[in-house]
Every structure is written in structure tokens, then in C-alpha cells.
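Before anything else, here is the set of structures, which you'll find just below.
Look at the two complexes coming up: chain A is in both, with chain B in one and chain C in the other.
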Partner chain A sequence: MASVSFSQIQKSFGKTPVLHGISLDIADGEFMVLVGPSGCGKSTLLRMLAGLEDITAGSIAIDGRVVNELDSKDRDIAMVFQSYALYPHMTVRENMGFSLRLREEKRNLIEERVAAAAKILNLGPYLDRYPRELSGGQRQRVAMGRAIVRDPKVFLFDEPLSNLDAKLRVAMRSEIKALHQRLKTTTVYVTHDQVEAMTMADRIAVMNEGRIEQLGRPLELYDRPANLFVAQFIGSPAMNVFDGAVKGGAVEALGARWPASFSKSGGLEGQRVKYGVRPEHLEPASSGIAAEIVVVEPMGAETELVVKVGDTSLIVMTRGRSTAGPGDRIFLAPDPAHAHLFDAASGLRI
Partner chain B sequence: MTSRKLLSEAKLWLVAIPVLLWTLIPIYHIFLFSISTKDSAFSGRLWPKQPTLHNFVTVFNQDHFYLHHFWSQIWNSLWIAVATGVITLAIATCAAFAISRLKVRGGRTVMNAALFTYFIPAAFLAVPMYKAMGTYGLLNSRWSLVLAMVTIASPYAIWVLKQASDKLPWELDEAARIDGATPAQLFRLVYLPLMVPSLVAIFTYALLLAWNEYLYAFLLLSHENTIPLAVGLGHFLSSDDSPWELLMATALIYGLPPAAIYYAFRRYMVGGLTSGAVKS
Partner chain C sequence: MSAIAIPHPPLAPKRGLSTWQTWGLILLAPYVLVFLVFVLYPVSYGLWLARHPESYKTLFEDPVFFTTVINTIFFLLVAVNLKFILALYLSGFFVHERRWIRWLSVIFIIPWAVPAIPTVYSIRFMLNPEWGVVNSLLFRWFQIDGPNWLTDPQLAMAMAMLVHIWKALPFWTLILMAGRLAIPKELYEAASVDGASAWQKFKYVTWPSMRTLYVTSTLLSLIWTLGDFNSVYLLTGGQPADKTHVLATLGIRYIRLDQLDHAMATIVVALPFVLPMVYFMMKRLSGDEQKTS
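Presenting the complex of A and B:
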């Protein structure tokens, strides 16, 4: 049980700056997901918290105590690696009990804790196997078991699911989530997969190029992305975004008028903007902006349409099934309440 | 079998047979001598008329002028070989761990400098080594040969073990550190167990290097009771009328332990010595 706080964290590898002053407070028991494209520095930030990288500038505190100078082993954290990093020469039991053995805990206490963790993770039948005798998903669970057994202040995960196949990934996702709800241990979880981030997080920090672009609850990020980067990163399929200009209370773009609702501050007449609208807010209607269907992708519960407005392709998501086929003309009626406007120059939300 | 396969197989045999003969004929020759009587040794037959094990009995009973110290000499050989193996292993393992896993500053430079010594032929270093051992008063002690052999074996041993260490996943160290391991615990509980194949290979390498050494043994040790068997064997040739059948019987005995060790550890030898030799 602990809070974690990063303040003004900077990191350079040699002369290359990688993190540019990151501040982030994680509450006790919170499930925080760091998400961002490859190379944005999320692993680096996590590894600094773990004590595996030194801190170029700034400070990290766990439970109010600055840990900059503390060794990994004294930080009372547990980490699950992407590669699992199980000790190949130890059985599952020994792997899970290793940290306690290092602490010179009593034998039966170790047994007890390992058995308890194995029960939670359904690893009972595998306790005497070696990692090479396990499937990917089982190894993943052993890696988690190794973390649970220690009962640490903070769990760290670095893309723990990226070596699993799609189905197992979904299953493990809910397992991790359920585990967190049960143990309520503060968790920092790194992923580049925004779906993972959306489904698991209490709060998400979207990172890009060594900075946090936005911090918030999953649906906050989804509903009110603070800038273009977050708008396009969160959500699948991604938000449709195109250039336009404010004109008479709406946006002119792609040769049509797109309805928008402006907040008091933004939307000067003639301002160049990016107009964003999510695929599910672009439902076909009986009248509106004319578009031509290019591709129809039925997915059962929904149908994804790729349409052309002018020369620009947009994605439209309709509920249920569509009888339309390629070449058909439809009309789009975006809901102004769900239109996102960003300043074309700064990318910030208007 | 297709004709192409046949052809490649034939080519293989064409190489293998001469190589096999090349290695086996001398060994067979030794064997032949060792089971022949003194008179029939040079008869030129492919199999002696009356094969005998009498030569071995003579050797084991130390029943000849050149064999008076047979048992103590073979003990010396063994002692020196095992000591060299153990010390080389200890030095090389610690060095490899420090260089590869702890990333000690300047570690690589030290290793490269050590490897550089191989540019100087070992025979050139024999005299300085002799001088040094003399200075330390170690001449005629088995330790002098052990130290010399460790010096010669270590750079290669460090290099091989460092290459093998580099292949261990880095995350294992990080996981162990997070699990609370000190560097010493990391070394003992994670590093050593994973390095076993390479350690066995390097131990045997150093052991055999010392067991087979002649030049340094000859230089550094001169007393009948301190010399290893290799030098003892050399003494057979100091008269015109050498007892060849006994020399060969002793040689055969001398050659058996390396063969046995190699056989026992062959799995590790091939894997261990080549692992790290190439970047895969």
C-alpha cells in the first residue's frame, strides 16, 4: 500500500534526452497505465521507479519517501517483465519463493505464501515444473506470482502481455484486473496498446516523446482528448481527423459544413482547425454530408464502413448490420456534441 | 539416396578416412608397443606374436630405473592439473561476472590486454617466467607450474566465459536485483547455476592444458619427486637404449585420463567452448 510520486523527472542517455520533466502522482491502490507509442520513454520511466536506471534530474518518492538513492532491492517493489525473466534453473515454486528466500524468511512461511499465490493464479499443478516446461500464459502467471508472493508496495508491469496471442491477452488482461481489485496494490502498468490501457486503468497517462500529453480516467481521455495526439492515439478505430476552417458557427472542411459546438473561448471566425469525429459518431442519416461507400466491413454487432468525402477517406461505425454496398451514396450527420476541434497550429483542444 | 547425396557422402568419407588414419595410427603404434615384449617391439608386425600385459605390471610396480617415481609423478600431474583447473576457473568466473554482468569500469580493457598476451608465444615467456618463479623462490615447487599454467589459461578462459555470460538475459539480473539479491547472491544463486556448462568446459580446458604441458614443467621443475609424468616420460629418452615398450605403456596410461575426461564431458565441451565463440 503506497502512493508513488514523480516530480520533474528527467532522463538522458549520454547526451540524448529521453524524458523531459515528468510529474505524475499515483494514489495509493491506484491502477495507473502509462501508454504511448514505441520509444516514448514509458519503459524508461518505469525502470527509474524500479531503480534499474539512474535519475538524471528530479525525484521519485514511494509512500512519501524519496527513493532516488535507494537500491532496487530496498524499494519494496515487484516487477513483471515483458520477457517474464523467470530463473530457468528454478522450479515454479522456487521462482516464486526466491525473493522471500533472499529475505531469509522461514520455510513454512515461504511455502504458505507460494501456495496462496499459486491458488490465486491457478498454478497449483505446475509448482514443481521448470519454466521451460510451461506455456507462455503459464509463464506469465508465474511472473505475476513471483510479484504477488512478496506483497510489495507497488507492482510494476512492463508490457507483460505482448508476448501472448490475442485471445490469451484478453484473458490475462481481465485476470490482472481482477487481481488488482482483490489485492488493491498500487500498480504502474506500461503498454503501447491503448485498448489494454482503456480497459485496465483507473487512470491513464498518455506519453509521447518523453512528455505526458494527458492524464485522466479512460473515458475522460476518450471523450475530451486534450490534444490531437491523444485524440488520435486513444480509440479504435482511430478518430477521423481532417483540416478545416471555422465559419459561421460550423467548420468548413472537405467541401462541406461540419456542425460543431464551440466553447466560449475558442472558434474565432476563419481560424484554421482540425476537425475530429469518432467513427461511431458519424452514423449514416437521411440527410447531411454526402459520402460514397468504398469498403464495407461487417463485424457482427457493428459494421465498419470506409467512406469517401471528397478525396478523404473516413471511417464510419454503424450499429447493427448494413445493407449498403461499395459505391452506394450515403449521408453523414455528425453530432455537434461529439465533434472535437483542435487548433491546427498547436494541436490543442479548442 | 539420391546420387547427389551419395556424392557428398563420398566426399565426406574421402576427408574422414585420412584424418582418422592420421590420428589413429600413432595411437595404435603406442598400443602395439605397450603390449609387445622388449624383443618383439621393433619386429614390424601389425599384431605381436605374444601380446603381453607385462609392461603395465612393470610400470605399476615401478620396476625400472626410469619408473622409480611413476606413482608420485602421475600424482604430481594430477595435482597440478586439478589445481590449475580450479584456480583458473575461480579467476575466470569472477572476472567474467565482473566484466559482463557487473559492468565494472575498465573490465573490457583488462580482458583485451590479457588476450593480447597471446600474441607472444608461450615459449618466449618461459624464461621470464622462470626468472619470476626463481625470485619468488617457487622453483621446484608444484605451485610454480600451477601459477604458470593459470597465467596461460586465464585470458582465454575469461574471454570464453565472458562471451557466455553476455548471452544470459539481462532481465534475469534485474529481476534478481528487484527480488532483493545482492551482487554476491546474484553470482551464487543465479549466475553460477546458469553457467555450469561453460564452467565445466573451461575447467576441463585448463585441466588438460596443465596435464599436457611439457615445456614449462621441464623448465620449472627438476626434482624427480616434483616433476609431472610428462617430464618423467621425457627422461626415458636420455639414454641410447630406451625401453620403448615401457615408455609406450606409460604413455598410454598417461593418455587415458584426458580421453576419459573428454568423453565424460563431451556434451559440455562442444557446447561450452563454441558457445560465445561466434555471435549468433
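Presenting the complex of A and C:
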């Protein structure tokens, strides 16, 4: 177990800068998720921590010790790759025991550890199989088993679930989380799936174009996104965002007045802003802003409506079922406490 | 193997062959013809020439033959293995993604790409003890008389092996490079994270993936090297005193002596070496592959 600290990390491939000075402290035992769109540099950052990429500038410390110059093999980390990277010529047992074997541990200690990991991951019946004889989900578990037998300082995961089908992904998500609660090993987990990030993380670092946009606990990011990018990245379906202007304690937009609570009182009158409101905070009401239903998508427990206010489509999430159909008029009454305002130019939260 | 679904044309009424089958035979005919004319006929003719038991008796009694067999075995064991160890090592170097290594690899391919006869002859001239460039330079730089490269039988054999390795190394390096490039990079990364040293990565990742290719290539190379006539004949011509022949060149010696039946007999004598290797290799290529890959 250990803390991890990135300070002012920069990375360039040739002349192309990819990471622009990332600083991030991960506490001992924390489950940190790096999330962001494809190509934002999450894997690169993780691979630098693993010692698989050089560090262009800045430093990385594990447990207070700078590891910039340390080989992967000396960093005492374990990594689960997206492709699993199981050794094809070794059985599940040999795959899982490989790192211990390299450390020249005693044979019965290796046996013991592998058996223990196999039990946690339900891999007992497959120990003598080769990776090619396993399903995707089983391979994924072997890859995790290979990591946990080592009892490393830090676990690294690079999109470990993206090759699984939706149902298995959800199941493995809770398995990994349960595993973390049990082992309490510091974990850095990379994903581009914000649902994975929200459900698994202690804290999330939202990355975009080589920078961290916001760092915080999942619900913090959800409730108080620091900027437009985070607002639209976190949450599914995504937040409704449209242009407006502050006028008399509300925002005029799409030909209507949208209520908002201003943290910074005054000085905003007339300013151009982006108004953001999550679909579930747009519940239909008996009066308010008029909208016309375009599409109704019942999902059982809740119903998703696509509505039009003026010419703009918005998404509305209502609890329970809706009897409304396309063409019906409804009223929206957004809760001012759940409205988000962003500066139109900088995209920063107001 | 999964069955490939070929759309069956409507079956013709039962009257001899269907059009489908007729076309099959027509398309097959050229291959059968080529096989008959270029494989079956010459092989049978050769066996026919080599049918007399006396040919073998004189062959076995010829002292040159005995030396040749020893030379051949020695040549195969040393040259092929040395070549493959070098190729395995060099393939690991050339797979690095550096621009200068790319360029170097292009230069490295040249010996394989150039025609054999002029190059081996020029090596022969270079190694001439009196006026060859090698010994001239040795004398000029170190004031020593170079050895008789091609007139000392052992040294001449060693030189022939060297020429063979120099000529064939690029090809096998390329083949083994292809094998290395087929290994996913993540396996090496996983091994690094698992704590493997460079040697351990070779032992546990590279070698298990390459073993089949390596052994199969070695077998193939053994067969080809057994038939490598150029490196020996063009360099030493079997000289001095017919002491540097291998089976491939011995046939030519007999043909020159107008003993066609002996020439054929040398080839037949090589068959007990070649056929098991061909069989073993075909077996590896067809069956074993699935088990190890």
C-alpha cells in the first residue's frame, strides 16, 4: 500500500505534446479513476506511472519516493491491461504465479497465493487451462488474479472492462470494487466510461486534452461541475446546455425565463451565460416553461422525453411512466438549486 | 478448420459428371501435368539411373565420399545452427523502431539479394593467398603473411560456411523478425511490470512464441543447406584434393568424371537424411502448430 503523487507531469511524443503539466495526489488506499474522452492522455499518464513510458518533465513518486528513473520491475506495481496480456504459453496457474516465480518465492508460497486469488475470483476450476481456452470474462479475471497475487503497492487498470459485454461489465465493475474494499490497495483506474467512473471511484480526475479539468468525489463532480466540459461529460444522459443572458434574477433563453440561484450576487446583470440543467431536474410540472414532446422513450422505472423549447431539443427525465405522447404540450419547472451557470466565453462555472 | 460454404450449382441429371465436377477436373489438369513433367518424371529418371547396386559399392569405396559425408554433416550442424543463433539475436536488434536501424536493415539485406555466382567468386579472389585483398591488407597493416584461406581444407571449409552464413543470414533474420513482430507488445509490458529482466522476457515471452517458427525454419534451412551448392563449389570447387566436397558438390564431381550413375547415387544416398526432415517438417506445419500457438 502506498500513496502516489504526480507533480507537473509533461509528456511529448516526438514534438507532439500530449500531457501539459499534470499534478495529482492519490492517497494511500484510494480508488482513483482517470476518465476522459479518447485520446486525452489517460493511458499515457498511467503508463508513465507503470514505467512503460519515459517522463518528459515532472516527477512521479510512489510512497514518497521518486520513481522517475526506476524500471517497471522495481516499482512494485501491478497492471491489468485492456487486452489482458496473458502469457499464451502459460496456464492460468502459471500466469498468476509468474511474478512470484520471478521473485524466486518458495513453491508452496506461490501455490498458496495463487489458490487464494483463484478463490476470490472463482477461478479454481480453470487453473490448468490456457488463456485461449477461457472466455473473455474469465481472462479478465485471470488478469486481475495476476495482479492481486503480488500484493503490490499500487494496482493499475487500463480500461479493463472495455472488451466485455454490457452485462458482464456491470458484474465485473462490482467485483473490482468489492475487491478493492477487501484489499484496500491504492488503485488507479483508467476508463472513458463515465458511468464506470461514477460507480467505482473514491475520487475522479476528469481529463481532457492532456489536462485535468476537475478532481473530486463522484457526486461533487455531478453536483458542481467546475466547467462546461465536466458538466457535459459526467452524467448520462448528458446535461442540457444552452445560451442565455442574465436578466432580473433569472436567465432569459430560448424565449423563456429560466430560474437560477446566483452564488455571486449582482454584477451579472446582462451577462451572456450558458445555462445547464440535468434531464432529471427538468421534471414536467403543471405550469412553467412550455415545451412540446417530440419523442417518448419509456425505460420502465423512468421515462426519457425529447422535447422542444423553441427550436432547441432538450432531454427530460421523469420518474415513473408517462402517458404523454409526441405532439403533447407540457410545462417544465426547473429547480433553481439545480441549475448550473457557466461563463459563455471561458466555460467556467459561475 | 471450418467448412467453407460453396454454393452448389443445381445438380445435373445423373449423366456422367456434373458441370461442376468437369470444371474441377479441367482446372486441376495443369497442376497434375506440371507435377508429372517436372517432378515425377525427373525423379523417376534419376532413380532409374541410380538403380545399380554397383554404383553404391564404388561410391562407398571412394575415400572422397567418406570425407564428403563427414564434411556435409559438419557443415549442416555448424553452419545452420550458427546461422540461426545469429539470426535470432539479430532479429531482436532489427525489430527496434529506430530510423537508423531501419536503414541498417536495408544494407543488411544486400548479401541475400545479390546474385550468388559473382559475389562468391569475388570472395574467392579476395581470399587468394598471393594477391587477394585480404592477405595484402594483413601484410600491409600487420606485416604478417595471411593464412592459405582456401588451400587448407579445414580453413577452406570454415570459409565456405562463412560464405553460406553471410549469404543466408539476412533471409532467416527477416523470417525471425516477422515472428518477433507477431508477439503483442503488451506481453513484454506485462512482463516488465511482473518484474522480468531482459533475459527473462526472452525466456518466457519471446522464446515460447518463437519456438515453433525457429525449429521449423531450422529444419527447412537444413534441407536447403544440404542442397547449397554455390557456397562450397564456387569458393573451393571441392579443392584441395577433393577434401572440401559436400554431397551437393560431389554429384557435380562425378558428372565431370562422366559417372552419371554415381552422381545420382549420391543424391539417393542423401535421401535418408532429407526425407525424414521433410516429413517431420510437413507434420509440424500441418498438425503441431495448433498445439503451440
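Criterion: the second predicted complex is superposed on the first by the 347 of 350 C-alpha atoms of A that agree within 3 Å, B and C clash if a C-alpha of one lies under 4 Å from a C-alpha of the other, contacts with A are read in each partner's own complex, and residues count from 1 in each chain.
Everything below uses one rule, namely that contacts are C-beta pairs under 8 Å (C-beta built on N, C-alpha and C of every residue); 3 or more make two chains touch, one makes a residue touch a chain.
Note that this is a predicted model, so its numbers are computed, not measured.
K.L.:
Which partner does A:Pro225 contact after superposing on A: first (chain B), second (chain C), both, neither?
P.N.:
neither
K.L.:
Determine, under the contact definition given at the top, whether A:Ala85 touches first (chain B), second (chain C), both, or neither.
P.N.:
Both partners, chain B and chain C.
K.L.:
Using the superposition on chain A as set up above, list the residues of chain A that contact both chain B and chain C.
P.N.:
Correct list for chain A: 50-52, 71-73, 77-79, 81, 83, 85-89, 98-99, 102-103, 146, 150.
K.L.:
If you look only at chain A, which of its residues touch chain C in the complex?
P.N.:
50-52, 71-74, 77-79, 81, 83, 85-90, 98-99, 102-103, 146, 150
K.L.:
Name, in rising order, each residue of chain A that touches chain B in their complex.
P.N.:
It is residues 50-52, 71-73, 77-79, 81, 83, 85-89, 98-99, 102-103, 146, 150 of chain A that touch chain B.
K.L.:
Using the touch rule from the top, collect the residues of chain B that touch chain A in their complex.
P.N.:
Interface residues on chain B, with respect to chain A: 169, 171-172, 174-182, 185, 189-190, 193-194.
K.L.:
Going by the contact rule set out above, which residues of chain C touch chain A in the complex?
P.N.:
184, 186-187, 189-197, 200, 204-205, 208-209, 292-293
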